[in-house]
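After this come two complexes, each holding subunit A, first together with subunit B and then together with subunit C.
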Partner chain A sequence: MTDIGVILGATFVSIGALITLIGIFVCFRSEPHYYNPEDVDAMIFATISDRDFNKRHGIQIGVKNLHSNQNSEDSRMEDAIQPASTFNVSEGPLYSMASTERFLIVGGINSIHGWLWADLKSGQTKPKKSWSITLPTKTESIVKPEVNSLCTDGNGEVLYAGCGDSLIYAFDLSSGTLKQSYAGHKEYVHCLSVRDTQMASGSQDGDVLLWDVRENSWHNSLHPHEKEGVNRSNLGKWIGCIDLMDDWLVCGGGPALSLWHLRSLGLSTVYEELDSPVHQCLLEGEKVIAAGHSPRLIHFNLNGGIVLDIPSSSNCIYSIAHAKQPREVISIGGTSPRLDFCSCCKYRDYILFFCDSS
Partner chain B sequence: MASKAELACVYSALILCDDDVAVTAEKMATILKAANVTIEPYWPAAAEAKKEEAKDESESDEDMGFVKDDKGIPTIEKILSTDKPEDGVDPFEETRRSALDQALREYLLRLLTKSEDEIKEIVSWSIDLGKQGLCTASMPSVLLSDALEMLPIDQCESLFSILEEKVEVWKLEPFFSACKNNLLRLCNDLLRRLSKSQNTVFCGRILLFLAKFFPFSERSGLNIIGEFNLENLTAYGDDSRDDGELVAMETNGEAHEDTKPQNVVSFNLYCKFWALQDFFRNPAQCYNRLPWKKFVQHTNEVLEALGSMRLDVQHFRHTSDAPQNYFPKYLTNGKLLDLQLNDGKFRRYVLVQFIIIFHYLQSPVKFKNEKQLLTDEQVEWVKQTTEKIYKLIAETPPEGEKFLQSVKHFIKREDLWNSWKNDGCPKLQPPTAKVSESDQKKTTNADASNLSPGKEHKRLKRPRRPLGDQIKDAVARKKFNLGNPALTRLWNLNPDNLAGCRSQDRKFVPSMEDYFAEAIEQLNPKAQIEPQYKKVNNADFQWRALRLLAAQSPHFFMQNQLIFPSKEFLEMTLQKVAKELPRFQHQEDDDDEEEEEQEMEEEDTEDAKKLKPEEEKTVEGGNPSRVTLVDDGIIGKLAPVLGNNWKVLAKKLGMKDDEIEYFENQKPDSATEQAEAMLKTWVDSDPEDATVETLYYWLEGLQLSDALKAAFPSSS
Partner chain C sequence: MKTVESKSRGKERDKKPRPENDSVNSPAVREMKKVKRDEPPASNDHLSPPKKRALDGGMSPKKQSPGDFYHEVITKEENEAEVLSGGDAKTLHQETCADILSTLKEALDLKLKPDKDSKDKAALDGCRKRIVMGSTFLKKLNRLEKYHVKLSRNQTLDAKKQVDGLHLQLQNLLYELQHLQKEVQKCLNFRSQDEAIDLVPEDEFFKEAPAELYDAVLGMCGKRCEGGNVSGKRKEGKGTKCVYVLPQAKIGSDAHLLRLARLGWELEERKRLARDCQQVKAAKEVQLMEIQRKQATLRNLEPMLASILQACNPLLEAFSLPSGHIRELQHKAYYLPSPLYILYVQACAYVDAFDKKVVAVIHGNEEEAKTLTHSHNQLRDDSDSEAEGEETRKKRHKKRRNEAERDEERRKRALAHHPLSVSLSIVLPDGSTIVLQFRYVDYFNLVTVKVTLNISPDSAQAANSSISGNLLDPENILSHLFPGDSGEESPNPTTRHHLKEVKVESWAELVPQLGIPYHWAQKMAGLDFLPLYDVHRDDNVGGGSRGTLVKANPEVSARCIKDVIDAIRERVASRVALQKQIVQIESLHVSVSNGREAVYSGKIGSKLSSWKSISWGEYSSASTVIPIVREELVSPHSRFYRALLERGSAARIVALIAVDPDYPRKIPLFSLSLKWRGERTAKNDENVRNRMYSMGQELERELNVHLDGVGRKEEILSLQLHRLLLGMDVYLESTCLGDNPAEFPKEKLFFAQARGRNQVKPLHYLTELDVFVQR
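Moving on, here comes the complex of A and B:
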């Protein structure tokens, strides 16, 4: 096991009905002082500036039978698993991760890489990269933008990437070509959420822009930091996470986690319970799952009441992944090298960490 | 060896028997004759007698060959009556007693097929006999246990009522020590026979009987060394393990539909959760190292899961009115656990289980092994976890905080219970009122609080005699005890309240004299009674007085009277009544003249209107002080005499100059007419002050003696 490490992303794909393949990308830190837990962005910049640090960004793939019934009574909650494969992406640090049925997709600086899950499943220790997309930035630009957020549409055909050059790109996954780019944010894009033709994006400038993916300009905007009760000026105005579903949108970051009604663009609920910066949120049916700079994952209902309050081994949570098939699993990753699993979304029942492969 | 004659008799009897013919001596003789057997003539008769016996024996399930019961009762009574005088000097007492015991038992056997009432009767006899010392004191219980052992359960149930009815008898001395064990065994045997789910009522009756029968500090039901019920095993897991394996196996096949519902609590937690029940069942195993580790791990995980899942307070608010159900057992199916964990009551049970085991682990129990002690580290963990559990209980709706308080309270009580047991279960002395030393008090209180809540309550009140006993006494004396001396006295005036209400004494109307006497005395300023203590100020008195007045005469409430508060009105009326009624006259006479006058001026003027008849009488009587109102007659007499003096009088009567001028202008010709008009206006405008007294007073003051004489001829 590596003693220090931050899990920035985790994702799943299932192998059989019970066994789940987990892709995790971990940033191993050699110099802890670069990390400022108050703001993810500070850390991202730090990773860019430190070459040594960059090299150690890696992806680990592990296989865990999450629903093993063996030795249940004696099984321990905390469990070490041997990574099936560990590999680095040569170009530098990684910022985001996404998964379709076919691909494990990772966003780094100026480029997006894809691996076939099929290759990873086969247990190769050094799996081949399936494809790579370079962002269509102007060649004369000195600063190469990072891919902060990755999101696919429901069919896994189109990949949306929210990037450090304040633009959002849409790529056709079958051809790897750029379909469209969306301009509108004034600062780098933190987060993205796409459902059908609706897209919402949150940025460092504090705005939430609403798009129709077929149009290249935004049609509506929200400004949570301008809203009383949502604004938390001491934490900044950046929007760190966003999710939308049907008529509802949930977002948070510097401003408090809040639920908005999309048709009226009105504020519906403010979740004040989460009083730290919010780094991740999910909107699932009747509940809002959110976490941030506190060691707890909270499920709220739409009215603001707490349904679940799950403790986490990380003091600051950067990644929530929610798999629905074959069974519901939520993983929680953050500043701790341990990845927490809630295999029925109600309480934490596994804590996993990778043995050091080297 | 049977003689030939005997054999012949037997055969003949058998032949008769086979043919279903009554076996009699004559018939036997006939057969024998026909068979050409000669025997002594007495044989058939002897055989018949024997046969009777045999026949009775063959029907033994009916009456066992003994005398029939209708004959049996007198025999026992005969024994009773014949033995009585010899009692005490009988050297064969012991023998006699055991013979009687045996007789009773055998007699009972015969009664078993009869109705329960007869069995009850014989038990009652045996009690009587036992009281006389004629049979052993344990006999009634022996009879009962014989009967209850042999009867089917439904009959036992009706027979059991005799135990309940005679509970006071069992507690009396010759019986208590003798029957105690028998009855206990009998009850336990019965309980063992009964189904806990089918015969709940009967089980309850038995337990209630035992509770009533045994003294409070009886230890026979006590788990003295605190053994655990190790038989209470909780089975779990098998079903879902099969399911799990099934699913795992099916995954190997190709087509597999995951029929398992989502969101089921993982099998892992499920196993851990129910595995904890084994620790709750037998907490002693926690003192071993390995089980303790397991226990800690499971506890932590279960508590974390419980802590993660918040219960919807709103939901419970709605359902809190629903009837309270209690489940002694829960199903352990894995599919249910998710629902169970979301059920506030289930959570409470589990959390309280934790509290109980933690309490046990820490508490000093005499019968614990010496090795059974927690290390400091373990104690620390227990403490922290207990705090966590308290928090969880408080969060669990509905009314978590309140529930937590009660849990803490009961855990405290458990400490007292433990210390009582550690002290070797000392007998509980009913604390007497004389307990003066504080030490003693403390111990008795501590003892008392060991007990069930109801008893404790009773015990603390003991110094004043239990209320129940007081009431019992009162009922025995056909009185009421309402717990409040005043109420008790009232209720006991006539125990039959309705009859009391109907009694003629209650139908009376007090005479005015009687009723007002006190109030009138109080009105006298000489009595110097503070206004608030006067009877007139009592609302109750006011109301009754008004009713009484109304009943007496309507003229107390004339239409044209002014409306006063009832108090003032009453005072006025009372003054008047005092004067009217002869009984009070002498009192008035005793009073100082001046005071009387003053009073009259104050009061009677106002009353004047109301009592016109009397007033007129007094006018005629010529006593000015009695006159109250100026009428036309007086004016008519006065006006001509006044002449021009009327203006002076008018000024004194409060008229203004312009008014006087007005009168002058109205009737410029005649001073008499002017005076008349003035007086009339005065009477009209000031009906309250326009009294004869005022007039008299002013006339006197103005020294208009002529006018005085004219108006009040009698006063001079």
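Moving on, here comes the complex of A and C:
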């Protein structure tokens, strides 16, 4: 099942800070171009977890072939897998994960770490860290900023990090140097979305700022919490997730999940069905995939109707990833130690968790 | 006409094997035509006899010898037939027919001519001749064809015969092949019996086997090992052993010979070993006899010694030696059953070596014990025979009653413990004592414990005022002293069957009568049973041999006695401390020893408003603990409490607390649900619960994970509650931050209201700086 010899990257799941006992907090990015055509069915997913009482913050990587097993007779829906490798990353919790063709990138407190995928796939149980960037924070504070969101541009050359000091940093991945920093938010940055030169960011202060990555000031802003019908005062005004596509932007958090037209900066649709805080949303062509503080993953169409409603093992979902190539897979992670996979996007067909390696 | 003739002539020439010269052709043809004329009688019997005769007559003048000629003609025609192919014959036939037809036409023309001159008549004659010639030729063709058919039929028959013969031969050969293959397979499958024999390894064999063996083997299959060569050398070197090195090499290279030699050696060896065995057995017999003899001597010695002992008793008393009490105990100790004896001896050793605060005493009636040991086995047999006797005499209903009585009696005997028991009194630092009374139940081969606790006056006050379930209940204060040792089930696997025999459902029924069969008690008494379940064996107690023999072994006892006593001390102390904490908490007052690290000294807004003990059923049915129960993080043997915390009137936290029997080694597990704000506004009930549950998780983590190892172990429950109150304050204050007017104004010092995508509140308290930060 987890043949280390043939591990090659597919989609991967990354998991951030941890909840009580055995909970896992997941966030996730998918890079469709990352598939290796020879081993398309192998799937690596990495989790960052804090197992039980050990107070560790690390990454676990496991490999599972999601597609072939489907046909075999004893295809159990719930399956424990042995982590191929488990390694500690930092003292503090981990908040975010991203990937380029070469690197697995993890954001923790005040620092970003990178591993070569080649090392991870070689099956070493304790892969060597490839590089590490410390955030250029100016003030000497007890509270170090965390890296809440990581995003790479299409070529995997620039890494954008939305951080706890309300700034967004852009790092050149080839040299590891700071390329630019973007100031504008008044509170810490929750989420980022970068498409070509367009960047959108959401923050605890409730603002959505729109940037051109070549300039260091924002050019437009949205305030979902000031909009009637979007605002949910009891849940706060923070924006927890954001996604951009062409002229559309979807965002949610304390305010309800909403779809905005970027040219006119006008509100298009409000998705009231998701009545809990929203933690993750994806804008995929004609549909919006979103989840939050409830154990379900909902697919909406652009007009606000529900297309699909998939139950999840986590009470609170922090990460959704959608890989389209070579086969469609959606993975869901959250406060449960279990990860859910929908290999055809219609229903949940796998629940995986790591067996205790100790 | 000429053309026709030449044509037919050409045909004649064609059917001949060797073409003849054209000039010589005409006589030959003519002769041939004669032959043709002769043929019909030979092959065509169907011709009408008169015609035949006429023909014959026509031919006769030319005949030299009829027989010879006839044969000659036949031979000739046969040769012709052989040469003439079917196609040629056909074309010849057609041509001849056409010829005849044209000649007929010509003749008709001539006949129809009105004025016939002689020339015409001659021509008509010629025509007639030619027609006759043509028909004769046709006849000949027919004959030749007949012969041809016959010939080819014969040929086909011959070929067929040949093919049949070959086919038969092939089948024979195939069958033979199959048979041979079967034989080969049989040979290959043959398994000799020698293969099953476990042989001496080859190296050893070469080292040890004597040279004579090779000799014998070589002799046995002298024919096989290419004769003269080896045997010659053998003859030469007869008498000297070094020569046999050569045969050895020879054998070594020949697997069959080697095998034979090894088998031979095996036989020798086994014979020798059998002899040895017999010798050893004989020696053993002798030893046994010796032992019996010596035992008899010893037995005679015993009464003598006893009388001497009795004789010196008055003397000892006269000198009032200190041995009085101890000796009496020791005397009693002789009558202890072996597990209790081991326990007693080891406990005494422990007392002498380490700890004067433990006292070991033997209780019970010595005489009873004495009689029991003597009559133990007899009794059982008697009761059986007696019962049989009764059965035959009494009536049915009486018998039934009797049986019941008998069962009762049997049961009583089975459930009786040994009249002697060992008591261990352990004195604790605070003056309390715990008394463990160990008893031995022979029927089950188990040691049971009865616990009595004498609590010192200052602790007693706390213990007695508790409302919710007494933690110091002697029945369970020592349960789960080591992992998995609940005392509810007997550690002896055979107990289940014994219980069935005496019609007792479970050991729980016997506890008041016999006591609790803790696993550690068995270990202290040297009984090392295999664990019933595959629990992690505690290193303190475990590590013993996993042998199946369950006989009292002093080793086992010696290894664990100190650990057990230490564990008991620790357990009682921690239980007393826990009890004190709980009594305090029950009065809704959370206090942690002042000045201790990790304690917040400022004002705490939240208050504990209720504290209740609940059952496992109540606990496990709560929705907040579903994952905890599912992951089996809590044992049902824990104690469960429900606490209600309030701040103001709106915010409430319901905490479900599980205190493991192994407290404080395992810290209490909190699961929380927060009720505030959400309840008023949200539509969907389930959603609220979910959300609040997850928010509570941050706090839970702080309490359950990060507090482990902070501060003093004994006070961990109070510390956790203290932190829970603090956490609740921080949570509410940080959430309200920025609201105007704030429901709960900020009183604690923290920098960031929240951090990270899950908006963690600053729940981690840094004691040095007196601030709250996120982890």
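Here is the rule we go by: the second predicted complex is superposed on the first by the 295 of 358 C-alpha atoms of A that agree within 3 Å, B and C clash if a C-alpha of one lies under 4 Å from a C-alpha of the other, contacts with A are read in each partner's own complex, and residues count from 1 in each chain.
The definition used in the following text is that a contact is a pair of C-beta atoms (placed from the backbone, for glycine too) under 8 Å apart; a residue touches a chain by one contact, two chains touch by 3 or more.
Because the structure is predicted, anything quoted here is derived from the model rather than measured.
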item: Which superposed partner A:294 touches (first subunit B, second subunit C, both, neither); value: second
item: Which superposed partner A:309 touches (first subunit B, second subunit C, both, neither); value: first
item: Broader residue contact with subunit A after superposition on the shared chain, subunit B or subunit C; value: C
item: Touching partner for A:202 - first (subunit B), second (subunit C), both, neither; value: neither
item: Touched partner set for A:224, first subunit B, second subunit C, both or neither; value: neither
item: First (subunit B), second (subunit C), both or neither touched by A:234; value: second
item: Overlap of subunit C and subunit B interfaces on subunit A (superposed complexes); value: 16-18
item: Residues of subunit C that touch subunit A when the two form their complex; value: 627-628, 631, 633, 677-678, 681-684, 687, 690-691, 693-694, 697-698, 700-701, 704-706, 708, 751-760, 766, 769, 771, 773-775
item: In the complex, subunit A residues that touch subunit C; value: 16-23, 25, 27, 50, 52-53, 55, 92-93, 95-96, 141-143, 146, 148-149, 164, 188, 190-191, 204, 234, 238, 240, 275-277, 279, 293-295, 315-316, 318, 335-336
item: Of all residues in subunit B, those that touch subunit A in their complex; value: 237, 240-241, 244-245, 247-248, 251, 256, 258, 260, 262-272, 275, 294, 297, 301, 304-310, 312, 314, 338, 341
item: Of subunit A, residues touching subunit B in the complex; value: 16-18, 67, 69, 72-77, 305-311, 326-328, 343-349
